[in-house]
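Presented sequentially are two complexes of subunit A, the first with subunit B as partner and the second with subunit C.
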Partner chain A sequence: MATGTEAGPVNLFGQGLLLAGRNLRLNSTADTVSTMVVFPIVFVFGFLALFQNLLKTRGVDYAQFLPPAIVVQWMFSVAITAAFFFASDRRSGMLARYRSLPISRGAVVVGRIAADAVRALLAIAVIIAAGYAAGFRFQAGPVASLGFVVLSVGFALTVSAGTSALGLVSRDPESVSSTLHVVYLPLLMVSSAFVPADAFPGWIEPFVRHQPVSVVLDALRALADGGPTAGPVLRAIAWLAALLAVFSAAAVQAFRRAA
Partner chain B sequence: MREEGVEVERLRKVFGKKTALEEVSFTVEPGAVVGLLGPNGAGKTTTVNCLSTLLPLDGGRASVAGHDVAGDPAGVRASIALTGQFAAVDDMLTGRQNLVLFGRLLKLDRRAAAARAAELLDGFRLGDAADQPVKSYSGGMRRRLDLAAGLVVKRPVLFLDEPTTGLDPVGRQEMWDMVEGLRAEGVTLLLTTQYLEEADRLADRIVVIDHGRVIAQGTPGELKNQVGGQVCEVRAEPRERTLRVLRERFGDVAESGGGVVTVRGADPGTLTDVVTVLREAGITADDIRLRRPTLDEVFFTLTGAKADREHEEVG
Partner chain C sequence: MSVITETGLLAGRNLRRFAKSTQLVADSLLFPLILLFLMLLVFGELVDDASGGRYIDRLAPAIVLFSAAYGAVGTGLGFFTDLRGGIVDRFRAMNISRLSVLGGRIVSDLVRVLLVAAVTTGVAHAVGFRFTRGPLAALGFFAVVVLFAWIFLWLAVVVAMSAKSEQAVSGALSSPVTLLLFLSSGFVPVDQFAAWLRPVVRANPLSLATDALVGLSSGGEILRPTLFTVAWAVAATVISVPLAVRLYK
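Right after this comes the complex of A and B.
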């Protein structure tokens, strides 16, 4: 019997898309309209109500400042969900079943990435729509706007690679998810997400300015607001490339071992 | 394609410092049903995972349907179906969606996948629940769907990892019927189980493993002869004297804790003999009964060493 019927791009993408469809169907039942649509809108208008007037005194247009932060927050959420589903699939034995089937070895990964990308795009669309209602505008033209979307999705997939590595070594989706929340919330809070870096106390300001979440946010804001974009975007890409190299190596290891 | 079963030679698997499989060798003839029998942690699932290419081997060799497990894993995967003790079907999807997904992954076109799913759902008596999410299924229904998922595309070799663990008696009976149906179709079947009764009922040959080693193999009849018939349990006071009296008359007598004296290698005739011996000695028994050997006792006989658990009970 012919061997190697599993390999090849046709299988990889054909079977990957079938699995992506399954992952999305799983998501649509698991996290409903409220997590994907209502929550981001609540965050956008909630933070606006809290900080808009306060930050106006510092000369910050908060309706323009905030939406990229909510996008980043939701990209984290997409990545944590990816880990949750990998851990569930490992616990339930679905992952073992896929691996015992004569299908492309990478299809499971492609299925995950494609589903995450779709979820990320949906979240971005919802948040930007809410932002537009509040006064947010893309001010640097269509190419920069597209760059904003691509960078956001790239950020989601990079973080997903890292969270997936954790999800794949675990069989406990709930604890993976809570562990990841403990990691991501401080990272997001102590960044330029919700207030500018210079609003932090002096001793922590350098960390706030240079940690990857802030660097990505700076690039997203540059792409949204206009002005000099090349520097911030290159810094963000450098961070993401480095993180992706580490995370994807870990994820591939974890995937090979997850029986 | 040559028709071949499963050949396992000196299979070895190590997890860190723990040796899961010391040395496992056995053969499943084409079309035969072999039961891999052993307690939790004996290495049953590890063996199946190695044979289905989920785990790399650390020693020895194995072939499935003529494909070497290490050299041609893709060939192995194209020849097997694996259904596990964790009933790996998707909770959120309906039974039908699960089967269609597996069919599509295995390159059936849309129509063929739907037709095959409908056929399997009927065959496994899941037709009524076909369009309900799997999370609403009973344990038995999940297992049947799991088995059906393994049969979407027909394969010559089937691995069933503890197909009835955790099922109620009705679910177990239904699962047994399904497996017997498969046997009638001539599928080569390797099934793992902790239950002697299950191996007895379903398997042509039984391979007993413990601590990663094969400690016995043979037909159910051969193994039972090795174990030596049934066990007669006697509950009587004074226990010491009961033990002594019975030991004088029957060779293989032991205390098994809880004030019970057991006579091994018993048959229905033993029962009347025990009653007679006790009456002659003037001992009144509270309870005398005959039962099948438990798996512990099978291991006791096969390994010649007392199970650890028994030590604890006595001590």
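Right after this comes the complex of A and C.
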């Protein structure tokens, strides 16, 4: 077993993956199946049933339009789960216990990131499969499809850095997660996730177009639908890089204080 | 003590616990309002254009009912915690009727649902929601809300007694509620659904109760949707109440 507190890559990743396994096992299988498989499918088909005809009148092919939105929704949910578990690990003393073990401290971070990435990939796979059944298609080739997955996971990990910072300063997992729901829901809904920006009232349209969730969604849709991808993808990467810089600085600060 | 006094006392205990938790109060009052404003913002123009009606007339009742149904998840979790925490065993050891513990849970949550409904419709007034049918219809509005909540509260109590973990309680309750939400005419008119789904959407208690509430507030058909909501409530009573009582014993 990899033990040792040196910050070498062997310790970092060996121990990190061990902790990632522990993080993933915190959710029971039944719970994982319900939140990461059943619910995404219900949301894909539920939104289609509700809004497909309504948006057809606007010339939107909703089966193609919707899956990236549900992907982004679940990336938020992965990030909120990360905050929830950091807060519970802090409350239960698990973070303090990690510090007393002969392991590299970075491994705790690697363990979180790896677990989040696995959950994000699972959600993406389920949502895209449901999307395919409904008529969604990757139309821009394998490289763009891969770009779609990478950008989605990158978004999840960026948001996760921010939510983890919050989770690490709290000891109350329930209140962290309900606070984050109140923040994420407006950000997601007041974006081009579920309806195109021009369906919003005029006064809020500029915000809808330029806020980061819409920018990321524009890039994901460009990668899925084909057409010019460089512009939207670069804009999304610029946003994510800026957010990641702020969020990870906050998360590192919070982690130093908490553990 | 009579069963009614005991039920009142226990309902009071539940309500005081609710009022003490700032988190719970904020969640249950704020969430419907956030959802109301967001739905109005995101889908208001689209639905107004498609249906020619005012979206808020339908949206406010739908949100009231959705929060009542979703509140049942809280009921289930609360009752589960009571069962596991031993307080229910303690009540059993006391010289009180067993039914009043169940009754107290239901009564306190109905009061909570009414409070959320009053606040939601009050705030919705600011964005154009109106009771235009007089005070009697407004009373009927809240009566239908209670009737609808009744269906889900008993379901929640049954689930809480059969489930093995908190996660199982919220999973078993939130999936059907989410499905009902998606397949209802609360958020978009029924003719926007695919033809084969429309019978399901029409029979959904959330659609029927929304129709009844729309009729009782901004105007429209009242009798038929109200009677069907009553039928749902009666069916749920016949199935869930005896089941709940049996499980509890």
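Criterion: the second predicted complex is superposed on the first by the 250 of 259 C-alpha atoms of A that agree within 3 Å, B and C clash if a C-alpha of one lies under 4 Å from a C-alpha of the other, contacts with A are read in each partner's own complex, and residues count from 1 in each chain.
Basically, a contact is a pair of C-beta atoms (placed from the backbone, for glycine too) under 8 Å apart; a residue touches a chain by one contact, two chains touch by 3 or more.
Quick caveat: nothing in here was measured; it's all calculated off a predicted structure.
By the touch criterion stated above, A:S178 is placed in contact with subunit C alone, subunit B being left untouched.
When the two structures are aligned on the shared chain, A:R97 is found in touch with subunit B, with no touch to subunit C. With both structures placed on the common chain, the touch criterion links A:A69 to neither subunit B nor subunit C. Judged by the touch definition given at the top, the superposed model places A:R22 against subunit B, while subunit C stays out of reach. Common to the subunit B-facing and subunit C-facing surfaces of subunit A are residues 30. Those residues of subunit C that touch subunit A in the complex are listed here as 23, 27, 30-31, 34-35, 38-39, 41-47, 49-50, 165, 167-168, 171, 175, 178-179, 181-183, 187-188, 192-194, 197. Of all the residues in subunit A, the ones that touch subunit C in their complex are 28, 30-31, 34, 38-39, 42, 45-47, 49-55, 57-58, 174-175, 178, 182, 185-186, 189-190, 194-195, 199-201, 204. Residues 1, 49, 52-55, 67, 72, 74-75, 77-80, 82, 84, 86-93, 97, 101-102, 104-106, 133, 149 of subunit B are the ones that touch subunit A when the two sit in their complex.
Of all residues in subunit A, only 1, 3-7, 15, 18-19, 22, 25-26, 29-30, 91-94, 96-103, 107, 259 touch subunit B in the complex they form.
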